[in-house]
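Structures incoming, each one as structure tokens.
Below are two complexes that have subunit A in common, paired first with subunit B and then with subunit C.
== the complex of A and B ==
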């Protein structure tokens, strides 16, 4: 205790104390934070639609209504199509974890079979966009001149139609009142395509009339090509533009340079 | 053998006229190359003057050096970039090595920037060094400016140099903006679009100004070559010229120094330029260059290839200018849209844009530039100041500075409102509203808090002088008393805490003369007295020698004299018999 008391005015004491505090808080949080319970219920049914209906009643009907007709807390799903279900459930956005301005990406609660059963059920309620053909969700690989051209075209389509919300690098952006356009880097080609066709949340619908399936494929290919480019400049700082660069200049560059100045200033002549 | 005729009769006439020769003979001749140079250029005197020039040592005096060196780095790397950059808006088809843009039509400026980034050896590194150095340059300029402001280094005789510095900081921002706009990528084009909007917001002349600068309608083909001329020729020339004057004035005025033993208003305590500062400053250049190069080698800046070429129709989320223009962007984001109105038929007043751009920028730099003159007028101080103030000893000035910075920071944060919203999961509307309120609330609160902190620090200094440094050691006496042991200060330590003068508010002399006639300057003086009151109303006088003597006298006498003037570890009890516990026993 004496040794501690003697050092309590040591310059490093406050740093040690802060670190200790952070460590204890973080440790306690990781112990106490709620763990995800695996809620995926498995019900067996011969028919996809029937199975999907059961899943729907068990997991979705609370908000969307028993006949998917919609309630105060959830929209009607008649006519949204299989693509919508595949996107919302396949990215873990649905079932919604809690009321929020926007459904965030979450842990996927169902397996592929269950998702396609749910999709089949919702598709049976009314005509809507279906899960896209694999032909259009295959990423065009760079290499040949025509492939490179297609990727570059996808980039132009992306900048004109998508970058204003999703940012030039697909890093995401803010919308009004806490809503946002999410980052696209961890999204599968199929889900990007489905989002374009169904227009989830605040996103507009890009149907086949204004953006052909081939163009959608090019956009997806551009995003994936950009992702697979080596970061030639080094760390990307989140691809967030000048804000993160300015922050870096003020915190790290200035910090290091002032550190050097202090060191040099202390050096005896 | 020589062709010189040694015995000319005319020399005899000048026989007694030899003072100049004697002086020349008395001066120590320089040998070797230095002597050869001096015989021809006569630089020895100047060089010897410079070499003996003394500079004081403090890390904060190197902030300006960081700015100077990063500017030099910008000049060097900028020259490299001009070898390949093509300042042209003419359209070409890209066929370079960056796959996601192959076959895209773009301006030659953008194509050549992509070539620098991907196809020219070392090009990307140099480009990143240039851009990082530019950001660090402006950061260092502003931090240097803050150092000069808070230590009162702008006082007489350095007001003109402060104005030079103010203009330099403005030029640095404009230079940076011009450079940021050159590559013609999506982000820089958006910046030029914003600049176009700024100009158009000027009432009456706005659209004319825009057409004049863009050589027609936006975007046109003229703006990139024009910005290029400004960026590589016009502004750097002014910048370097003004910077040279800035440095020359530092030599002329001599460097300021922090107060300390042996340091007076009439001397400079430090080391000579040769050899100490040649080594230190020269070494620091390489440190700065090295740090910038290291950062540029590992951290991307302005990935223009990812932004794509500029085209007036697209825009990207997270479009911001580089940080030094951020406050103006933030002002635009905070200005409510309803300020725009139409009058006289269909004449639009863009008051949602105009105050945040064409008014804000000149206004901010004017306020910065005139501050030394305002303070000089308020204090009426006509003396020269070569000793710096510790910021706490000028509470009102420090508080004004912090209030101004808080206002700036609010605007600065507003420029990143979208990124704050997405990264902190907040609503962009709430952030904007909060910042609107903070723009008005934060400065007075910051002013008050800063001033109080300064005054408390001054009081703490006073306590420290009178009673010594708290050691944290508690001493228990046989009778149960506790006392904290205070260690005495050395005279050197004490000097730094008592040397400053504490200004008092101006006392108004009678506004009427003996005959009851109003003094002609009474009105002006009343105003000045009001300002002076604002500046110096709250003051903590530094401890005087007699106060120190009195404090020491008490220390020697622990006979139980109750005294309320000293800090007690616990308040004295209600019983009068209880002795007040003094916390000022010295360790001796």
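== the complex of A and C ==
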């Protein structure tokens, strides 16, 4: 303890203390934060809709109502379509782990078969967008001139329709009151497509008459092409533009300058 | 005031004049013995290793020379790698990721070469150059009266030799020429404060006069395809440009100027949510169109939250409430976004029959006139 006390005025002490504080807070949060409820029911049923209905009643009815008519805690699911279910459940956003401003991406709690059963049940409640055709969720690979042109057009559509919320590089961004547009880099083509047709949460709807399926395919291909492109600029700093880059320059460049100034001001021994 | 005195106490904190040699500067109070804190004075001068030990001085000299040599090495690396490193070469930089070899090598080598010149010079100053503290006396700022009189005489003689006092024609014409010459400088500043034609600021290409008086179709941006009313489903957002933009796109001229003011966002929400009758009337069954140009400083307001029906501006977070005719509910914007009146034409396409009723975008002085 004496050794510690002797070093408490060391210039590095404050840095060490800050790091320690952050570590303890972060550790405590991850330990205490609500865990995923594991309530996947496996009920064998003859056909998809019936199986989906059972799954729905076991996992979703608390908030969405037994007939998916909606309650105070959750919206009605009549007419949201299979695409909506496939997106919300397939990305782990639903079932919601706890009340929050926005459903975050989470561990997926159902297997593919269960998700399609749930989707079939919800789709049977009323007409809505269906899970997209694989033809339009296949990524166009760069290489040939016409493919490159399609990807460039996808970039144009992305910048006009999506970039204001999802950032020019698809890195995501903040909305109001803690809501946010998520980053798109780890989202599968199918889920990007479904988000566009269903407009989950704060996102508006981009139906197939607004952006044609071909246009959506181009947008997806643009995002994936951007992801696979080699970035030789070193750290991306989250692709957030001047804010993170400016902060980096202020912290590191100014740190070095202050270090130099301190050394300059010190008397030589 | 005497430059040897401080302002507060007459009793004597004035400095004792020391001879040029002296390092001890003590306030007079210590000498007169007034009851005050003891002035510690300057700390004793400590000799550096290189001051007394020739071996240490030699070592410091070598250190400085080494730093300068490292700087030379850095510059040589820069020159060599400028030619030697191929443009497309990349490598993995630990902690940073994939990086372009040429950028990293050129930047670091040039950085090191200037850095080592700098720290070499500082190390030289700190170890070898004299570090004696020197007391310098203050002097009267003004020159002596004789010197001043001499200077005035020189100036007067100069004025006399130009004959200016005797030749007013030259004096006034020179004054006029110099005075007039200042005008163009000011004129450029004043002239660049804004467009001379104010109508240009108020005009957008939604003006039906640009379309021969016919209603203008709403087109998807960037595809430039017309939008049918039934395509705008609930919760949908369309980013819109006028049909009249096509002319600019075809000509390839002034496209950005035309686009900058014409950008419109088309949204469909439940008509019962719209609380303002005018906003309902100017739309079609909950489909409403608003200028996308923020009334604060003109950024594109594109962030639409489907659940709250708020439109956000990404630049300064101005927030417009779509249910209240785009009234400002947060942020620095002062006016609501102008609404574009829309109807459906015979073919089922959305059209703007009148253009904007007020100038779009940020305020300007002549806006109301």
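The definition used in the following text is that the second predicted complex is superposed on the first by the 216 of 269 C-alpha atoms of A that agree within 3 Å, B and C clash if a C-alpha of one lies under 4 Å from a C-alpha of the other, contacts with A are read in each partner's own complex, and residues count from 1 in each chain.
Simple rule for what comes next: contacts are C-beta pairs under 8 Å (C-beta built on N, C-alpha and C of every residue); 3 or more make two chains touch, one makes a residue touch a chain.
Remember, it's a predicted structure, so these values are computed and weren't measured experimentally.
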_Using the superposition on subunit A, tell me whether subunit B and subunit C clash or fit._
clash
_I'd like to know which partner A:52 touches here: subunit B for first, subunit C for second, both or neither._
neither
_Under the stated touch criterion, which partner chain does A:226 make contact with: subunit B (first), subunit C (second), both, or neither?_
first
*With the two structures laid over each other on chain A, which partner does A:65 touch: subunit B (first), subunit C (second), both, or neither?*
neither
_Partner with the higher number of touched subunit A residues, subunit C or subunit B_ = B
*Please indicate which partner A:148 is in contact with in the superposed arrangement: first for subunit B, second for subunit C, both, or neither.*
first
*In the superposed arrangement, does A:254 touch subunit B (first), subunit C (second), both or neither?*
first
_With both complexes superposed on chain A, which partner does A:210 reach: first (subunit B), second (subunit C), both or neither?_
second
*Look at A:264 in the shared chain and tell me whether it touches subunit B only, subunit C only, both, or neither; answer first, second, both or neither.*
both
*asked:* Looking at A:160 after the superposition, I want to know if it touches subunit B, subunit C, both of them or none. Which is it: first, second, both, neither?
replied: both
*What is the contact status of A:201 with respect to subunit B (first) and subunit C (second): first, second, both, or neither?*
second
_Of the stretches 23-31, 41-49 or 275-283 belonging to subunit B, the one that collides with subunit C_ = 275-283
*So which positions on subunit A get touched by both subunit B and subunit C?*
156, 160, 164-165, 173, 175-176, 181, 231-235, 264, 267, 269
*Which subunit A residues qualify as touching subunit B in the complex?*
8-9, 101, 142, 145, 148-149, 151-153, 155-156, 159-160, 163-169, 171-178, 180-181, 222, 225-226, 229, 231-237, 239-250, 252-254, 256-258, 260-262, 264-267, 269
*asked:* Quick check on the complex: what are the subunit A residues that touch subunit C?
replied: 156-157, 160-161, 164-165, 173, 175-176, 179, 181, 199, 201-207, 209-210, 215, 230-235, 263-264, 267-269
*Which residues of subunit B touch subunit A in their complex?*
57-63, 65-66, 98-104, 117-118, 124, 128, 132, 135-136, 139-140, 143, 186-187, 271, 276, 280, 283-284, 287-288, 291-292, 295-303, 306-308, 311, 313-323, 326, 415-419, 421-422, 425-430, 472
*Note which residues of subunit C are touching subunit A in the complex, please.*
48-49, 90, 93, 96-100, 103-104, 122, 126-127, 131, 220-223, 227-228, 231-239, 267, 300, 302-308, 310, 312, 314, 317, 319, 330
